[in-house]
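What follows is a group of structures, each given as structure tokens.
In what comes next, chain A is part of two complexes: it sits with chain B in the first one and with chain C in the second one.
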Partner chain A sequence: MDIRSQISMVFHLDKCIGCHTCSVACKNIWTDRKGAEYMWWNNVETKPGTGYPTKWEDQGIYHGGWEKNGDGISLRGAGKRKGLLNIFHNPSLPVIDDYYEPFTYKYLDLIESAAGDDQPTARPVSMITGKPIDIKMGPNWDDDLSGTPDYARNDPNLKKLSAAEQEAMFQLERMAFFYLPRICNHCLNPACVASCPSGAIYKRGEDGVVLINQNVCRAWRMCVTACPYKKSYYNWHTGKSEKCILCYPRIEAGYAPACMHSCVGRIRYLGVILYDADRIHEVASASEGELINRHMDILVDPFDPTVIASAKKNGIADSTIQAAQNSPTYKFVKEWGLALPLHAEFRTLPMLFYVPPLLPVMATVKEVRNRKQTEKLGPISKVWDNDWLYDTSTEEIWGTIDQARFPLKYLANMFSAGDESKIKERLKKLMAVRIYRRWKTVGDITEKKAMDALREVGYTPEIADNVYYLTSLAKFDDRFVIPAAHREHAIEMLEFTGDKKGSTGFGFKEDTMKRGL
Partner chain B sequence: MNNWGFANQKTIAAICVVSWGLIGSNWALAQDSGKELFQQRCAACHTVGEGRRVGPDLVGVNDRRSASWLLKFITASQSVIKSGDPTAIGLFKEYQIVMPDQSLSGEQIKVILDYIKEPGGGQEASAVTATAPEATDQEIAKGQDLFQGKIRFSGGGPSCISCHNVKNEAVFGGGILAKELTTVYSRVGEQGLRAILTNPPFPVMKAAFDGKPILDDETHALVGFLKLADKENAFHQPREYGWIMFGSGCVGVIALLSFYSFVGRRRKKYSVNQEIYDRQIRSE
Partner chain C sequence: MDFMNNFLFIALPYISIVTFLIGSIHRYKVTGFKYSSLSSQFLEGRKFYFGSLAFHWGILVVFAGHLLTFLFPTATIVWNSDPVRLIILEYAAFTIGFSSLVGLTALVFRRTTNPRIRVVTNRMDMVIELAIIIQVILGCWIALGYRWGSSWFASDLTPYLRSIFVFDPQTQAVIAMPLVIKIHIVGAFVIFALIPFTRLVHFLVAPFHYIWRPYQQVIWYWNRKRICDPNTPWNTHPPKNN
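And now, the complex of A and B:
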């Protein structure tokens, strides 16, 4: 047993409103500079859709992630042999047009143009060449465009769905979409780290944040293709690759990462999860059906005395163990079994988990007699002259999950390596909490029905209350349980602090002028 | 203050050296005699009474041509040829070489012609030292190195290869700025070569070697090398490849391109959005 600590994330997709505030916060802090204009370390995608960069999930194009290879695993497009063969010309690199050509507008033209007959316009200019361009694409170009032939219907997750299932998804009455915010997953088995020929990428020992050393990076760009989530980006100006750093300077100071801090829907949770590093290889090489279960097994119980003992032996601080015990992510992922990793089949063991979306509300359209209701309406009311009702009520407890607008298969392709039962289990839990709360607040559902629902998913009313609290009421310190960074331990690993004792203080950062005696 | 004074002294010294050099050169010009001028400017190609070299023997030239014709021809031979003068055209046809234009004043030319006119004049100047011994293999190798610039001229002059070429197995890719020198030995002869190397008569070459003379042993080595190159040239039969060269080049290019496209056959060649971009309307 080799217990290590990892800062993990949970994104609650039911709560995401797709406002892109997280993306803007991240951009303003980290990627608003030359060479990084096209990068979105945090981005929000509409699903079904092709995402950013386009079709990033299709590893037939980008050859990212791991593939099972006999008993073990090997990188799909990199590694020792393939990496060396392609080192001078990586064959699967995304080009700028796969992302988009970043642009701005000549806003000054609006105020500085000479007076004339025409209204001045702000022409778009490329942020790479500085010349006027036709905008061809943006980082969220397919935002809210479910059903479009170019975007939604090209979603790589639809590949395993039958033609009839796909067609059913995009019928006008059933059309729906949800948002998928994405940052670096800070994986336990990161393909980017394994692919780097320079050894520039590393996973920080103290909190598992995956970082690229900008002094060691030699621009081979193997990480750009190897990361199956396309979350490593090449900076064309500095000639180095960059990625999400999980705002580690903020985390070390006790602040939440900028994307999480700014989240309007409060969908993001951050906390420590302890895991057993000895079993990473075994878990990453598990068969596809076993991947999710094994991934959950490797995340260990922070209350288990043997785990605590092993963690202490590895130098994990008491405060970190305590943070793991209070971790909201551990609750969502393990205790309540609500969250799932994105694309577990890439075998990188991502540590960003998603609570799958129960929304869009799975309603039905049925024919009713509206006349009596209409008669009660006042003269200024809008009167519907047809007899259709958009019915969101739940006659059967689980009925709407089985008749979901999206085939469960679609969500399963994203969150559970194709296993529909795991998605269904999580959606049922979400639904059970919702039925329970409806009984409590609205009261049009009987207590028996609510309790039956909870019992069927294995929840007690207490758990349901906790889920409800952390989902809907949680305060800042409940959503982000950030352990002390213990930089003092980290610095002691690098240098002997006694050397500095007695030699720092006022005027010592740079040598002061000598008096010339 | 000391430093300033030191700089001042140095400046004065420099001015003295430079002005002394200038005075000296003027003094040297004033000393031009017919003999010296002939040796510097003419002896490389011409003799007086010793037979033809690169150009004709100049014995009795004052009687054969009028003084005005000689003045014109010496300062600008090509313009005389172009003007259709039958004598000049005849000379060009016979010697197959244009006489380089000499930057001499009318006064200097007169001095030279007077010198040739003197009884026995010019013979002394054009008499070349007794034929030098045949160059050894070692010297030829040195000459080759000098030609190619592997050894620099001790006088500091530019290497031959920067302007000249010799078709020889040993020399690869010489200059094309000046005459090709493979058969220069048979064209000019040993004495002519020596004279040219000692006192270059061609304006550009003269300027290039001005104040950077080629030493005697270097001249000897170079002549030896050029003689060998001339001799070997007779046995060199440059092969004519013609269309085979072009054809094999084409085949080679196709073979290489197909090899590379085979190696890169699974490369990602287009943006995944290309189809969408192609359909978009552009403003230009």
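And now, the complex of A and C:
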């Protein structure tokens, strides 16, 4: 057992309102620089949609992540053999047009143009070449565009859905979408680290943040290919790759990362999870159906004395262990079993988990009143029906889950490697808490029914109260439990203290080692 | 004339070697951030595919050929003693050299015509690309015009190069060479000296260590397991994260 600590995240998708405040906070702090204009270390996508970069989830195009290879795993588009052979030209590297060409407008023209018959205009210019461009794509180009042929219908997650299921998702009256905020997952088995020929990318032992050493990066650009989430970005100006650093300077000081701090919907939770590093390879090589269960298994119980002993042996500070015990993410992921990793099938063991969205997915469904006419119009045509209701009825406890506006298969393709039962289990739990709260606050449901619902998902009223509290009422310090770096360790982050012993403090300005030479 | 010959074939090689060594080590130590291949594939990928592959593989094989002939002159001459093998070697070398010329021409064309790539081009990029293109043209010219280069390189130039490395320069053989070959030799030293001032440094940090490295890398500020162990000596150095 090799217990390490990992800063992990939970995003509660039910609460995301798609305001992009997180993206802007991140952009203002980290990527408002030349060569980084196109980068969004934090971005929010509309699902169904193609995302950023376009169709990033389709590894048939980008060849990211790991794939099962006999008993073990290998990188799909990089690795020692492929990476070195393709070092002169990386065939799976996205080009900037897959993201978008960054642009600005010539605002000065509005002021400085000579007087004339026409209004001056601010033409768009490329932020790469500085020349006027026709804007083809921009940040969040597919924002809120569910149902559109170019974006929503090209969502890679629709692949395993039948044509009828897809069509049902995009009927005008039934259409739904939700937001998917994404940052670097700071994976346990990061493909970017494994793919870097220079060895510039590493995972920090203390908190599991994955970083790129800018002095060692040589622009072999394999990480861009290898990261299946496309969260490693190539800075075309500096010739170095960059990625989300989880605002580690803030984390070390005990502050929440900027994206999380600024989150308007308060969807983000951040906390420590202890895991068993010895089993990473074994878990990442598990069969697709087992991946998520095994992933949950290596996230260990921070109250278990053997875990604590092993953690202490690894030098994990008491404050970190305590933070792990209070961790909101551990509760969501393990204790309550509510959150799932995004695309576990990429086998990187991401440590950013999502509580699947309930609201847009649920809340249908009334029988089409004039079914005969519907049939006559054919399956493709849109049918207007005045009887559509936002049905939140609780007559049939789980009825709405099966009649969800999205086929569960779609959510399963995103969050549970195609396993619908795992999604259903989580949605049921969310629904049970909702029913329980409705009994408590509205009172139009019998107690028996609320208790039945909780019992069926294995929750006690106490757990339901806790879920409700952390979901709806949680204060800042409940959502972010961050063990700050210790002051006495701070110097060790930068220097080896043994070398500096006796060289600072009272006495000499010169390095003492040089005296007498 | 003697002065010129002495300068070009005795002084220049040493100037070039010293410049290369001091320059690239200094650059690595002081401005490590600038050690990068500065890949531009991200801005333009299609033309890059043909140019980069043809050039890189071509120039690598050609360079390896020169190096092997320098290191194993006898073996080269023995190989060449059979005319069939000689002709195969020469044709293969010329084809590969020519392919690197084609590739490099495509790259220069791409660099000068594509507006995005021009943005990430600086003066030294053009200088080194032109220097290499001239060098490769001369090389192809020599391969065509002064036959069986692998043999005379092994018998005449290898001793000269070796004499430089043992600090006893013998220039008679070089001075007797035709002008084109002399320019090619001087060009090689010039390019060698230019390496630390250009993006060419990227070949010095070619990532061969990747082959032996474990895939995953975890770095601790300071490994607490080791710091707690009384056997860990104080003079060990921390991981280089910065």
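Just so it is clear, the second predicted complex is superposed on the first by the 451 of 517 C-alpha atoms of A that agree within 3 Å, B and C clash if a C-alpha of one lies under 4 Å from a C-alpha of the other, contacts with A are read in each partner's own complex, and residues count from 1 in each chain.
By our rule, contacts are C-beta pairs under 8 Å (C-beta built on N, C-alpha and C of every residue); 3 or more make two chains touch, one makes a residue touch a chain.
Computed from a predicted model, the values in this text were never measured in an experiment.
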Ask   = If you stack the two complexes on chain A, which partner ends up touching A:K15: first (chain B), second (chain C), both, or neither?
value = neither
Chain B versus chain C as contact partner of A:D150, first or second or both or neither = first
Query = What is the contact status of A:I61 with respect to chain B (first) and chain C (second): first, second, both, or neither?
reply = first
Task = Name the contact category of A:L93: first (chain B only), second (chain C only), both, or neither.
result = both
Ask   = In the superposed arrangement, does A:K203 touch chain B (first), chain C (second), both or neither?
value = second
Inquiry  = Contact-wise, after the overlay, does A:K136 reach chain B, chain C, both or neither (first, second, both, neither)?
reply    = first
Ask   = More residues of chain A are touched by which partner: chain B or chain C?
value = C
First (chain B), second (chain C), both or neither touched by A:V193 = second
Query = Who does A:Q214 touch here: chain B (first), chain C (second), both, or neither?
reply = second
Remark   = chain A positions within both the chain B interface and the chain C interface are 89, 91, 93-95
Chain B contact footprint on chain A (complex, rising order) = 53-55, 61-62, 89, 91-95, 97-98, 134, 136-137, 150
Query = Contact residues on chain B for chain A in the complex?
reply = 264, 266-268, 271-274, 276-277, 280, 282-284
Task = Provide the residue numbers of chain A that touch chain C in the complex, in ascending order.
result = 79-80, 83-84, 87-91, 93-96, 128-131, 189-190, 193-194, 196-199, 201-206, 213-221, 224, 234, 236-240, 277, 280, 313-316, 489, 492-496, 498-499
Message = Per the contact definition, I'd like the list of chain C residues that touch chain A in the complex.
response = 32-33, 35-45, 48-49, 52-53, 56-57, 115-116, 118-120, 202, 205, 207, 209-211, 213, 215-225, 227-228, 234-238, 241-242
